[in-house]
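Next, two complexes with chain A in common: one pairs it with chain B, the other with chain C.
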Partner chain A sequence: MKKPVKLKFGSKGTKVKNANSYAQKEEPPGEEKCSLGLSSSLEENLGHLREIFAKSTDIIFRDFTIGRWGRLRAAVVYVDGLINITDVNENLLKAVMLEMPMAGNDQDLTKLDVLQKIKDSAFPLSQVKEATLIEQVVDAILSGDTAFLLDGYSTALLVGARGWETRSLDEPATESVVRGPREGFVETLRINTSLIRRKIKSSDLKIEMMKLGRATQTDIGIAYMENLATQELVSEVKKRLQQIDTDSILESGYLEEFIEDNPYSLFSQVNRTERPDKVAAGLLEGRIAILVDGTPFALIVPALFIEFLQASEDYYERYMISSFVRLLRYAAFMVSLLLPSLYIAITTFHQEMLPTDLLLSIAAQREGVPFPAFVEALLMEISFEALREAGIRLPRPIGQAVSIVGALVIGEASVSAGIVSPAMVIIVAVTGISSFIVPNYAMAISMRLLRFALMILAASLGLFGIMAGLIAIVIHLATLRSFGMPYLSPIVPTHPAAWKDTVIRTPWWTMLTRPPLIKKGNLHRQRPYTRRWPGQEQGGEANGRKNKN
Partner chain B sequence: MLEQGKISGRQAYLLIINVILATAILFVPAIVTSAAKENGWLAAILATAVGVVISILIANLGLRFPDRNLFDYLGDIVGTIPGKVIAFLYIWWFLHMNALVIREYGSFLVVAFLPETPISVFNFSILILAGWTVKQGLEVICRTNEIFLPLILVGLIVLFLLAVPEMDFRWLLPIMEHGVKPIVHGAVIPISWYGEIATMLMIIPFLKQPQNFRKIQNLAVITIGIFFTMVVLGTVAIFGPELTPRFIFPTLNAARIVNIANLLERLEPIVMAIWITGAFIKITFFYYVAALGTAQFLNLSSYRPVVYPLGIILGAMSILIHPSILELEHFLGKVWPVYAISTFEVGLPLLLLLIAIIRGKRGKT
Partner chain C sequence: MIVLLLLTPGCWSRKEINDLAVILAVGLDQEPQSNQLRLTLQIAKPKSLTAGTKQAGFGPGQKPTWIISGTGDTIFEATRNLATESSRDLYWGHTILLVMGDRLARDGVNQVLDFFARAQQPREIMWIMVTRGKAEDILRSHAELESTPAQRIGFLIRSKTGLTVNLKDFVTMMTKTGINPAAPEVGLATVGLSELKKLPGPDNDEKGDQGNRKNEMPPQAKLTGTALFREAKLVGWLDRKETRGLLWLKGEATKGIITIPCPNHPKEKLSVDIMRGSTEITPSIARGKPVFTIKIKMEGDLKEVHCPLPLGEPATIHHLEKEFARDMEERVRGTFYKIQKQYAVDVIGLGNHFYRRYPQEWKILAPRWEKVFPEVGVEFQVQTSIIHSGFLTEPLEPWK
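After this line comes the complex of A and B, so read on.
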């Protein structure tokens, strides 16, 4: 559809730089954009647009005349379904078609700069932009703006009267809390930025926008606190995003893979969340959030290993409880990683390590089981993974049936049939529950994969194999960086100042500073001695500014 | 410089501890008690005192050139050709020492845990892992160590505390029944372990603050001394001065007899975990200095290409160097201390320091 236009009006030479610098790069052949200016003839302009939007039935062209005698011809172009139709009818069409003529006579219309007058005094709408290039007009129409074209002017007005169907704010499905805000991001970027703005009412909160994806033209928001995020980090994030040259960004996961430091790692080096409070907390620590239109998942960089084992609720619940839960999580993390492989190693190579009674009991259970412990564990783990995956993908009503089948067939029947030992079922169940305790889904998946690797090592080299595997994992983690930050910090390289919020969480009134890892500006998040108020030494709630860590 | 990374003082401190402690912790009780009997702990203390002296020597040499490492300034001190010769000998020493450690490592795993597995499986699997780590650079080695070493030290202390009920401190008496001579004798081999600190000459310039190195090193040697003494005291108090030297790995045997309420028993996996991780980092570090040294010797722009070739040499050496663990023990007990202390650990550094002082060579401070 674009081709005729290109042949007619331009070649590479007329190409104008896109507003986004990613377009500076040579675009693949066949996807040339023609960027020519609007002409002053309405017919011609509409002709181009009709050509560009040929066979697109959702584009609405409405041409009409302005003025008492219909001397001035005008048109609006928009995408049906992306605009607020009431706004366009009431505030745009009605304004120029009915109210304009009453304001003056036709003589004025021919003398004055009508377009400027319309922009200045006719549209009771807050977002009106001017555009002089066809490409700008096309982009704006496709993004949901309404283009207003006037005969005799080579400038179009882009009226922001967007409105499309969105999901209402919901509780985040992947990060539910007992205590804490229940709102989650939605698929519309603007609503998401407003959710963050509602949390941080500071002019230091900056949200820069860019468009990525040649076909999808996805809006990307880069949010950061100007006084907290270092300039290097901000420009590094922008640099990496601008390097992306792809045709589609449909989910923030695309970006994650493009901007990660080590794309070959099993571990996610970018944190993702559906929770505005988590994003706000990250921003207030000097991190950068990347919001992507069309997905409720925002990215937070840099991300550290320990953050994947923290939940936002840790900061809302009483600190002792949170600390206990965190310790539990670390324990569960190790269990979900190691339990099946330890079982294999001990029952295959190091039986002497078990107390005699337990050893005899396991040996009695395993009597009649035809497989070695490794095969038995592998079978069970794979069926468990399959069940879990089935549970996610299946329509919800069937989910229950699957869990019943899973529990009965795999749990009960396979034991009574003598295919697996009861001990193995316990191991798999405990591993499964532990892996659900890991709050971040990305980390939980990494654990599941590594668990299989460790099982193979355990089956071939026993405890030595497990240790070697663990060493390899730790070394790999030690090499990782997330936007320049060592992935394992603050554990290593050691930053004891940041340890108040790692394995345990200390009370809010002791966390006087922000984590000193991302250094910039005022590190203090509250004044010292928050809890010292007149006439009292202790007691009551901590007052003062509170920021989530 | 071939290494871009910088390590902090804390990382250097932990690295020194691990490099010396990791292998020594298993062998030291048997070795010191075989000569010094019930006064083994005194031998450990004496060795530590000598270790501090060696540490001062190494720091004095290294800090004359705080921005360069041994292979960089060797040529300045003794001239280009002799410098190359000494550098070559040092590379040999790094490799030889590492081959011995790898062999001890493999032997331990075979003897204590997986008797039917051939030793080459352990030697080569650990070398593949170590080679990969060496390629990641000094920073990663230090970070890995920073994670594991605190766990190792805590594990050792817990083991010691759990074994207290089995201890009878009357085994430690009488003190110095046969005078000083057996104690000196018992201290010689631990001194050769302390001498391994000479490898630090290769990494002093990579410290963030090299001027603190002297303090860090002395502190590390004293920390190691405390753990040495603790392990010797513990094992002798458990097994007595006659039985301890007869074990190859008394620390492992000590862990085996721990039994708390029939629940916590057979804690040797702790010892094995300690040994595997500790020795792994030690092997990796020696491997690293060998690779770095080789690259400097050959004037390469990166040490990474020589990592795996050196690994093959190390793997072959570790297996071929001694036909059995008994001969390895004999070599470590009788030959190694004299050979290592007199040349690479004390002899050469002392000589280099003297020449540097006489010729007035000194780097930027």
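After this line comes the complex of A and C, so read on.
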């Protein structure tokens, strides 16, 4: 059964409007029948709610009377801990219980549409809306709204006075930068959307909302630029998300697996980030961001292979440095993928490829090592992986102890004990460092797994095996798609226009157009003569010429 | 399934690096009595080659190589015999040297080179050389600066003081029309004396020191000249000075030193370092006979001047250049005379030059080239120029 899509309040009109239209459009017909309407009796309504929330000690029911003679009975229902208690006390209860009666007399109250009056003039709160279905009320209460029920009315007022403990904005732990914004997403969706909104102050930025997860009722935000993202992409993302019918979405990783094009691939086809600036950059290239309540990790689709080797800092640092770092990253990527297997292949199959001195030196180091090179490499790589995993999970003080022990065992003791050769230690260390250079954790994990596969191929077939493995990987990558985009683009299929931002990053003022991912809207990022200003005739001219090309 | 397929068939050509007996040098001799081949292999002992000081077993007494020797009718047969003596698989992929004894070389080397050119593992770039005496003695020689004798000789050859001939070059020279092969000659000598002289020691009596140490120094290999082949058979030798002339003739020497007497003080000397050079051989036909013009161009720097000379003046330099050219021509002529008249082996490849210029005429000439070569006319044109005179323009002279 599908849950009705909940209407969300937004602090801005556009958002609310969007959410409304979205809900109207997507809500399947006949949904109303499943849900019970509110009755006009307060007793009955509260009874229903008490029944629904039985044994839930954190649900607070507070019934009271309003009006000078206590003629009108009312109640508020909320979840303790999810509301801002000051707001509820001061602006809700105080308003209706103390201030309302002062404003007029009971006669007036009974004659008037009291609920409307309360909504219009009593609550000094910005987020108030009406609900007629019990289901809506329950959802709202569970999301942190306060439900205000009045006897004699089959409409409840849902007051948005949410407030709970949140983590403060922190530097993203997985994507820290030397230069660049240091704020990262937090676990609260609303704060995250506000962070994006602060980056893109354009009414074209749309953030649509939906709820997923039968039990968790997780809020999902779909953010995109209406003038840049293609309609097909937006509807494809929505379609894939709507097809998810699971009881829990606790992290964006759940969604990632549900919406990926090829779920059996080792390579992640959805980019994830903790950085609002990265999301904003993605949106401005016509991509779609999926924000999930309860996790700081946002998803960006479509994702291309080359993006997993790019960091947001590439765009903030000067382009020469960025290009160098990117080249370094590509080199490190290949090293972390291939180095152990190349070592195995060359030392066990193709000794003639080594210079004589190196051959003798390696042979000397391997004297007395009881294992074949493959076993030796496997041993070291596995212990390195174990060490890495142990270091991540353990509390920080113990983690340090683990790395010290690991460094001693791997680096020092195993060599002097004659179990592994010093050359292998160097190989594993270089591979480890290289794998840390790959900026995206998902890609780094794919590399780690593929490394083992290539090591097996190298140990059995030598360089031939490595080549076969690489060819298989490239073929696989070429068949992958991320939301319809070929995974290897813009390299294959070839879009030379987009090569300005691939292996190297050209200066910003040369990147006149957005990547050809966007097929609609204004393709031009900037005017072609950005760098023309008086006093820079020479440079301006040169740049102008360059830009014309 | 795929993993099983990869792992179950056992191992193919997989060899751990420390299961290999890395052959660094090969010596080939002919047994005096049986005329069998004697194959001597210099095998690296990785244990004693470690750079790290921690490794046990590295001592001054430990020799870095292991030398084994066996006989057979063919090289491969000898190899199989040796394989029974070696605990590890013989690995030819890193063989640096192929040394042949003169007895074998005089008998003809084409049969023995067949194995090395045919087999997969040995490289085409192994250096070929000939020694007077037994090849296995060269393999037993000592290496002072390098870790193994084979590497030492390899570096010696690469320093281009003699001919540099590898297997491919040799086989090419042997099979190509109009050229006879030549290979460097290697010999043993108690080298290292001149270095010992430089040892610091305030009260060292130099002669006494030499005398003491002479016995301690084991013989080391040294490039001593060139071995000349007719087709595949060794016919004669050139000494070091003549080798240099040969290098100039072949256009291979781009470096070297020439010492000539000073023009005004014949007793004093000056040295020119050759920096660049080129040799051009132009065949022509004069009165139905092949004639060759050998044009040698050399550029050099003055490295040492013992006599007072006004080096700032162009005329002086010009004069020196002439002297320099004259000396070179003399040496080149001397070498050429030996090659042409004494041994009659065309190791420069004049015939090949002729063939390339006059392919039709060569067809007639080729069968009797051996007889024609000693009679061909050769004109030498040596051009030299001195480019720099170093930091000093005038020689160092005390104030008068």
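One rule holds in what follows: the second predicted complex is superposed on the first by the 502 of 549 C-alpha atoms of A that agree within 3 Å, B and C clash if a C-alpha of one lies under 4 Å from a C-alpha of the other, contacts with A are read in each partner's own complex, and residues count from 1 in each chain.
As a working rule, a contact is a pair of C-beta atoms (placed from the backbone, for glycine too) under 8 Å apart; a residue touches a chain by one contact, two chains touch by 3 or more.
Keep in mind it's a predicted model, so treat the numbers as computed, not measured.
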item	value
Room on chain A for both chain B and chain C (clash or fit)	fit
Partner chain in contact with A:Glu352 - chain B first, chain C second, else both or neither	both
Partner chain(s) touched by A:Gln365 [first = chain B, second = chain C, both, neither]	second
First, second, both or neither for A:Val492, with chain B first and chain C second	first
A:Val474 touches, of chain B and chain C: first, second, both or neither?	first
First, second, both or neither for A:Leu461, with chain B first and chain C second	both
Which of chain B and chain C A:Ala373 touches, first, second, both or neither	second
First, second, both or neither for A:Val138, with chain B first and chain C second	neither
Superposition-derived minimum Cα distance between chain C and chain B (Å)	5
Chain C-contacting residues of chain A that also contact chain B	349, 352, 461-462
Touching residues (chain side chain C, partner chain A) in the complex	3, 6-7, 12-18, 20, 22, 24, 44, 46-47, 49-52, 54-55, 91, 93-94, 96, 121, 123, 147, 151
Complex contacts: residues of chain B adjacent to chain A	8, 10-11, 109, 113-114, 117, 121-122, 125-126, 129, 132-133, 136, 140, 143-144, 146-148, 262-263, 265-266, 268-269, 272-273, 276-277, 280
Interfacial residue positions of chain A with respect to chain B in the complex	349-350, 352-353, 355, 461-464, 467-468, 471-472, 474-475, 478-479, 486, 488, 491-494
Complex contact set, residues of chain A against chain C	347-349, 351-352, 356-357, 359-367, 369, 372-373, 416, 422, 456-457, 459-462, 465
